[in-house]
Amino acid sequence: MTNLDLRPVFPALIVALTGLAVLLAQAFAPKGRKAPAAALSALGLATAFVSILLLARGPRHGLGATTGGAVSADAFALFLQGLVLGVGVLVVLLSPSYLRATRQERGEYYALVLFSIVGMMGLVSATELISLFVALETMSIALYALAGMRRDQPESQEAAIKYFITGAFASAFFLYGIALLFGLSGSTSLGRVASAVASPGRSELAAIGAGLLLVGLGFKVASVPFHMWTPDVYEGAPTTVTAFMSAGVKAAAFGALIRIFGAALPALAPKWQPAVAALALLTMVIGNLGALAQSNLKRMLAWSSIAHAGYLLTAVVAAPRVAAEAVLFYLVGYAAVNLGGFGALAALARDGREPLSIGDVAGLSQRRPLLAAALTVYLVSLTGVPISAGFVGKFYLFGAAVGAGHVALAVAGVLMSVVSAYYYLGVVVQMYMKEPAGEDEWGPVGAGSALAMAVSVAL
Amino acid sequence: MSAPDHILSLLLALPVLGALVIACMRRGSERAIKVLALALTTGVFLLSLLLVREFRPIAAMQFVEHHAWIPAYGISWKLGIDGLSLWLVVLTTFLTPLGLLGSWSSIEDRVKEFNVFMLLLETGMLGVFFALDLFLFYIFWEAMLIPMYFLIGIWGHDRRIYAAIKFFLYTMAGGVLMLVAFLVLYVKAGVRSFDLERLVETNVDPAVQMWLFAAFAVAFAIKVPMWPFHTWLPDAHVEAPTAGSVILAGVLLKMGCYGFLRLAMPLFPDATVAFAPWIAALAVVGILYGALVSLVQPDMKKLVAYSSVSHLGFCMLGIAALTTTAVTGSVYQMLNHGISTGALFFMVGMLYDRRHTRLISEFGGLKRVMPWFSALFLVICLSSIAVPGFNGFVGEFLILVGSWPTQRTATILASVGVVLAAAYLLWMVQRVLYGEVTNPKNESLPDLTPREFAVILPLVALALYMGVASPAFTRGIEPSVATLLQRVRLKAAQAQVTPRAEASAPPGSVAAETRP
Amino acid sequence: MAGIDRLLQLVVSEPFLFYVFSATAVASALGVILQRNPIHSAFALIVTLCSLSAIYGLLGSPFIAALQVIVYAGAIMVLFLFVLMLLNVRKEEPAGGRATRTAAVLLALVLAAQLGAALAGAGATPAAGFDASTASFARVLFGARFVYVFEATSILIVAALVGAILVAKKDP
Amino acid sequence: MTTIPLQHALFLSALLFCLGVVGVFLRRNVITVFMCIELMLNAVNLAFVAFSRALGSLDGQVLVFFVMTVAAAEAAVGLAIVIALQRHKDTLDLDAFNVMKW
Amino acid sequence: MSSLLDVIVQSPALVLPWIILLLPLLGFTVLCLFGEAIKRDKEDNGAGILATSVVLAAFGLAVWVFVALLAQPPADREGLRFVQPYLGFEWIEVGSFHVSMSLLVDPLAAVMMLVVTGVGGLIHVYSLGYMAHDEERVSYFSYLNLFTFFMLLLILGGNLPLIFVGWEGVGLCSYLLIGFWHRKKSASDAGKKAFIVNRVGDAGLILGMAMAWNAFGTLDTFELAEHAKNLAYEPIAQAGVVTAFCLLLFLGACGKSAQLPLHVWLPDAMEGPTPVSALIHAATMVTAGVYMVARMAPMFRLSEGGMLAVAWVGGVTALMAATIALVQTDIKRVLAYSTVSQLGYMFLACGIGAFGVGVFHVFTHAFFKALLFLGSGSVIHAMSGEQDMRKMGGLRTKIPVTFWTFVVGTATIAGLPWLAGYYSKDEILLNAVVRERLPLFYLGLFTALLTAFYMSRLLFMTFFGTFRGGHDAEHHVHESPWTMLGPLVVLAAACFYVGRLHVNEFLAPALRSPDPAELPHPHWFPWVVIPVAVVGILGAFLIYVVYSGLSARIYAALRPLARVLEEKYGFDRAYDGFASRVVVEGSAGVLWKQVDAALIDGAVNGAGRVVDGVSRAARTLQTGFVRGYALVILGGAVALLGYLVWMR
């Protein structure tokens, strides 16, 4: 055993230990009393976040260190880890009231969220395909379970099985891709793969390998045509979990995507760029079109998250040059806003019900002016209208695409944002321009949710 | 008192601050909210008058503020005004308090939000006129949509939601194309900056210019609106509350023209020269078409809305003429249209407040019932018809005189619009004001209230003043226009000298070229 | 004798055994996907897994071969069978959606062709002195590169356990 | 000494993978579908082992080890979901689970 | 300020025109703002008196200016620009393009100024009586003042745009005054029609100005006139430009002066109060077109085509209007068509190069036509608003003053000797002869016959015979008050005098006329034109007085021709048809409903619907069957791999 530099995995370690602690607290909590799982989780995540800040202070503190060549603590990873942790904190803040409202208070929930975060953190920091795969699966398995958490609802279980079947199916493809790249380079380290890909010959192997990886990651980021699970799963899963998936998984998976395609496969770029461009185009178009016809809010947001994957992919096309920053920025804004959007829905849940149909939020501006305003900000930001984070994000994304010469893609992207404005505005119309129907049946907004949403509005 | 430093930023910040304060006020204190908003916007107006006082009639940008903002992308907080924007700024600050005053009693629902949105809208509009950085410009350009969207959507009339969404989508569709063009320009110009004044100095490949200009033109043409991108306008105008219509017609439409002048023309001189005949053609179609369709509208607001299409057609014709006289006239005509059409919308709104209908057929014989209203309404219509002595004539005349040498056919056709303007407005006047009072509901309509006088009289006075003392305005406008056109001609001439082989390449070549 | 010798040599030679087990694996895999009864499928899968284990052995990976039998064919498949028994699964109805199946088969054929095309180009440079002993395997597994991953799998397992409990536990 | 050609092992792997893929679409029973996915994973494992041998790198075998772990974990969660579903719907027919669509 | 005062003291001529101009504007402003206060009770006439005195004061000053102008030696060419008072600021100024606030006072302007303030003043006085009982008389007088202001601006304006301000301004006042009794739909219709038809001409004028600026580099009327001198020696290339300019200007003149084909508004304009018809639609505003053409005489002279168009449009209009007047039964409409006809004469004169004579006729026409209109107003007043001549008759004994002044007016327009019309109109015909434009001469001569006939018909139908109205109406007939009769008498007296003024000689320098070589005066000329007038009068006398049944028989005999005339040659019908069928219905049916709503908006909404439809269709792919999802993944993977392997 060599002396291993454990600094890069330290934050993940903290989160993992917190998860275990939550489980233990649950197990040893006195009967009839709930363990302070949420608080514990939030604390752990915050600690991990602080540790990331410490790491990021410079090379002397661990920036750029690697653990055995498998995990790296470079700026990219740290940034995304921080993002994932932030997402985690917000989700944990949103959760208690939602769980209470839907009578789902279970300590395992927080543990699984934490484990999933561990997976995400591994995913964005892995520089080696095996650890990447294990991290991916850690994230996914926890999410499969979380999606199916609501035992009283058939939708939840259906979401779980759909997610699970398609997820496992896509994972197999991903794995085959790893196999091919391994077969090409004799190693699973991204650096070695990169040099092997760059050397001439056997390009089919590399191309197919890259394609298979793209299938797997495309599934995780919900890119067309690997997106079909998304609406069903997002709809069926508990809303906080949906929020978590839409923000966290997307961020982590895009991190992995950029790392693999930017670090391991740049030599192959001329081959995969058009393919990714096509995916991006399809994803934008179909995602937005899909969202257009939805009357269920969660489903609509699900389709919209597909569309946003499309926007993000346009920047990946421009990788490896400027894309990373653009994607990162966009991810931050998108994560905050999407969390906020789902969070707003979650915050309204009461007595096992939550607003689902678009008509459920009619006249919300008069009942919950602040919440409606917050939701409006999210929707506007998702549309990408200026002075919102979404706009700056889109600006960077399409800037990257244009910079790489993909003007057509940028045009398609912006036109699709116009389409998206239609359905986002539909919600705003309901909230502001329609009278509320029926009794006020939605719950008061919990303090935690309020805090979480305030943060995301601020972003 | 001289203008404080950062006066432009101050002008931008004040309404936003006011909006924040109002947003924090209690729901019950409607009156205080109204007073505060009115006082604030009036203050902003007075402050903007300082700009007029300190403004020197030279071509250069004045009151410039420049701070780095996102240096990595060459984005900066750069504000400034010149002759093109000065009066549009004042128009904006002038119409906003009037708009608030005009809707003093007609907006009763959600007063707080209304005032907040109006203030935000003011900042957005001012920002567009101030911005000297493309990124900044775009931000304000789009950010303006949201308050307007809410103004139409919440306080509008029956089909408000359709109109609001149509307005938003239409404008945004144009805007995003412009955004892409910004990005392409950023890449192609090679200065890695969004600073307008730096970009203007660069030479973009003429073939690329064509595409970028087209993208800009679509965005601006939608805003103007030029035929055939105009169909959002009648809907938005009709459904918007009075203040919304006034601001929409008075200021927002001008941004399209302003965009051409501020961005499209100096950045793409070759394309400007190449596209000018097409713009002129569309402008003329707009003039005639807008007038003809206006003629047959049963709804007063719709009539005025289509008349805007016609009037803005004149502005665009002037711009396309590319002569100093015409372009100056065009800028002047923008102001005129803001005054006249703004006042028309106010007055239609006053009728609506009284009768809750805008159908021309519901009225008739008002001259006897509301003599003051009728007199002022007629005056405003005359100003809109461009009877000489009123503001509209000066603008139209300058445009026609200036367009004659470069766009002769268009000018001749446009003069038919002069006839039609009289037709549609006077026909409306006749049906609304003259004849017997046929509808008993109109028998006892009260004449203008002092508040309504306070709204209308400044506009009428301005319409007259601008009709007889135009140099007070045009002297500031002219140097900027002259410099702009000189630049356009100079650069276009340079391009003439260099081989035009690639400039005449088919449009498809750009897409091929942008790929690495 | 020489013939028998040759035959014997052939029979025990790696390629021959490989093909035999390959055929078994494919046949049993077909069984997995064509059987109506899930229990039969499960048994067929066990046969496949065992054939693969043998192939792993033939390919010089004795440790993996052992794991295959113990973990896969043993533990995992037993779990499957256990659940099948537990849920008392009936025979499956004839699957509907002919179009889906046809499309799937066609697509799978294309996929096979694509994979084949890619794999045909895979470089075969037999490494000399390939040490696939369990000890060297352990050195790699617990080496600097993978020890963290190895430890991380514990989280994976815990997550799976907790998740399983969360999903399947009966409401109190 | 004759060795097993790498390509043949890889072709077998591809064949098994595709059989697994087809199985996913032929069977309706959730558990059978799940088993087909396991078959796919195994096919990949075969590829890893074959490459590992051909390239003289043990990374492939390590990967197989992890894949098995993952498979086990997946099996645990997957079967738990199946049990929960069976409890609710009293069926394991995959096509019965389409409350959510469009 | 002091310097301004100095200027006023030292050379009042620089300031006087401004004062003349602004006096009526002042009146208007005061009436506008304080009108209700002035009108204290129902009978109070303060507003009218104020308005009248303002105009009369302006008249006094105008006379002063005129006299001062007479003092200048007529041959002094530099004195042309007798005064060009400059207010000290530009009206429009953009780069080199600028329009100054400057006036031009030359003989032409001075003559017109006298007419406007003089005849206008009389009409104001007349209105005091005529409108005494109208509820809205305050606004009436304010409009009259405003009109006077704009008319003076039109006359005095030193450049085309400034003239155009007056031009449009008088049109505006005309609009307001025609539609003064706005509750009558026909009145507001007529006002609107007048404005819009005028606008057609105005469009031409605007284009003409745009062209003039770009071709000649100035819009100043004086400079343009000077410029014309140089143009004469420039290559003929300019000729086309000059002709186009002239024709555009003439289009404007046609609108304002009711010439073919834009004459249709003037008869309808009779819906306005009668003094308005006298002032605006007879004496002053409608002659603005002639004024404009005369103003630009140096330019017109350069354009043969332009002159030809002016002459023939004028001639044909004169004839056409005279024929229509033959069958009109409305007393004011007869006069309206008569005005159109007389205006045609004036253009005819200009078109054959006798600009001075044209303006001379403007001058005399202002008097006698105002007289006739005011007389008819007096008749209508007496008849309590009845305008149909068929319901009049025998009024000569009942309203003798009106009758005798009317006789003078009729004799004047018919061209009987010693009266103003004889001098001006016959001078036109004489010019046609000496300038060898014989077709135009015969046209004019025939029109003169018709003029004498229809005017006499008017006279006889109204004042002779027996009263044809109802008994009540007959009982009500009464002579008008002195405020109305006074102006009649003054104007009638003027008809004897103004013809002897040598207006055209006085105008010659302003018009840049060639040296007025003495025209040959064929001695046969009076022996032709005077009998023509007499024949017309006698014919009417025979038909309408002596054999009073004859008219109906002639009417029956010439029925098809009468129909054409009563239909006014179909102009109105065609225009109305065009406006309502083509413009309005086309706009509503085609442009609005089809192009705008169906095509453009349809395309926009259609695009939305298509997207929506695609979206709904795409939705159905999301079947909810998880294996379907997996299949799509598989398909996507295969496609992706296929691309990566085979697409290089």
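Order as written gives the chain letters A, B, C, D and E; numbering starts at 1 within each chain.
We take it that a residue touches a chain if its C-beta (ideal position, glycine included) is under 8 Å from a C-beta of that chain, and two chains touch if they have at least 3 such contacts.
Only a predicted model underlies this, so the values are computations on that prediction, with no experimental measurement involved.
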Task: Shared interface partners, meaning chains that touch chain A and chain D - done: C, E
TODO: Just grab the chain with the largest centre-to-centre distance to chain E, centres being mean Cα coordinates.
DONE: C
Task: Whole-Å separation of chain centres (CA-atom averages), chain A against chain E - done: 78
TODO: Indicate the whole-number Å distance between the mean C-alpha point of chain C and the mean C-alpha point of chain D.
DONE: 7
Task: Rounded Å distance between chain A and chain B, as computed from the means of their C-alpha atoms - done: 42
Task: Distance between chain centroids, defined by C-alpha means - chain B, chain D (Å) - done: 64
- [ ] Could you list the positions in chain A whose residues touch two or more of the other chains?
- [x] 130, 134, 137, 141, 144-145, 148, 151, 157, 160-162, 165, 169, 176, 180, 183, 204, 207-208, 231-232, 293, 422
TODO: At least two other chains touched by the same residue of chain D: list those residues.
DONE: 10, 13, 17, 20-21, 24-25, 33-34, 47, 51, 54-57, 59, 62, 66, 69-70, 73-74, 77, 80-82, 84, 94-95, 97-102
TODO: Spell out, as numbers or ranges, the residues of chain E touching 2 or more other chains.
DONE: 619, 622, 624-628, 630-631, 634-635, 637, 641, 645
Open item on the list: Strictly by the criterion at the top, what is the full list of touching chain pairs?
Closed with: A-B, A-C, A-D, A-E, B-E, C-D, C-E, D-E
TODO: Please name which positions on chain E make contact with chain A in the complex.
DONE: 608, 611-612, 614-616, 618-619, 621-622, 624, 626-630, 632-633, 635-637, 639-641, 643-645, 647-648
Open item on the list: Residue numbers of chain A touching chain C in their complex, please.
Closed with: 1-2, 4, 6, 9, 16, 19-20, 23, 67-71, 106, 108-109, 111-112, 115-116, 118-119, 122, 128, 130-131, 134-135, 137-138, 141-142, 144-146, 148-149, 151-152, 157, 160, 176, 180, 183-184, 189, 202, 204-205, 207-209
TODO: Could you pull out which chain C residues touch chain D in their complex?
DONE: 13-15, 18-19, 22, 25-26, 29-30, 32-35, 38, 41-42, 45, 48-49, 52, 55-56, 58-61, 63-64, 67-68, 71-72, 75-76, 79-80, 83-84, 86-87, 89, 92-93, 95-97, 100-101, 103-105, 107-109, 111-112, 115-116, 119-120, 122-130, 132, 136-137, 140-141, 146, 149, 153, 156-157, 159-161, 163-165, 167-168, 170
- [ ] Could you pull out which chain D residues touch chain E in their complex?
- [x] 21, 24-25, 33, 94-95, 97-102
TODO: Spell out the part of chain A that touches chain E in their complex, as residue ranges.
DONE: 161-162, 165-166, 169-170, 173, 204, 207-208, 210-212, 214-215, 218-219, 224-226, 228-229, 231-232, 271-272, 274-275, 278-279, 286, 289-290, 292-293, 419, 422
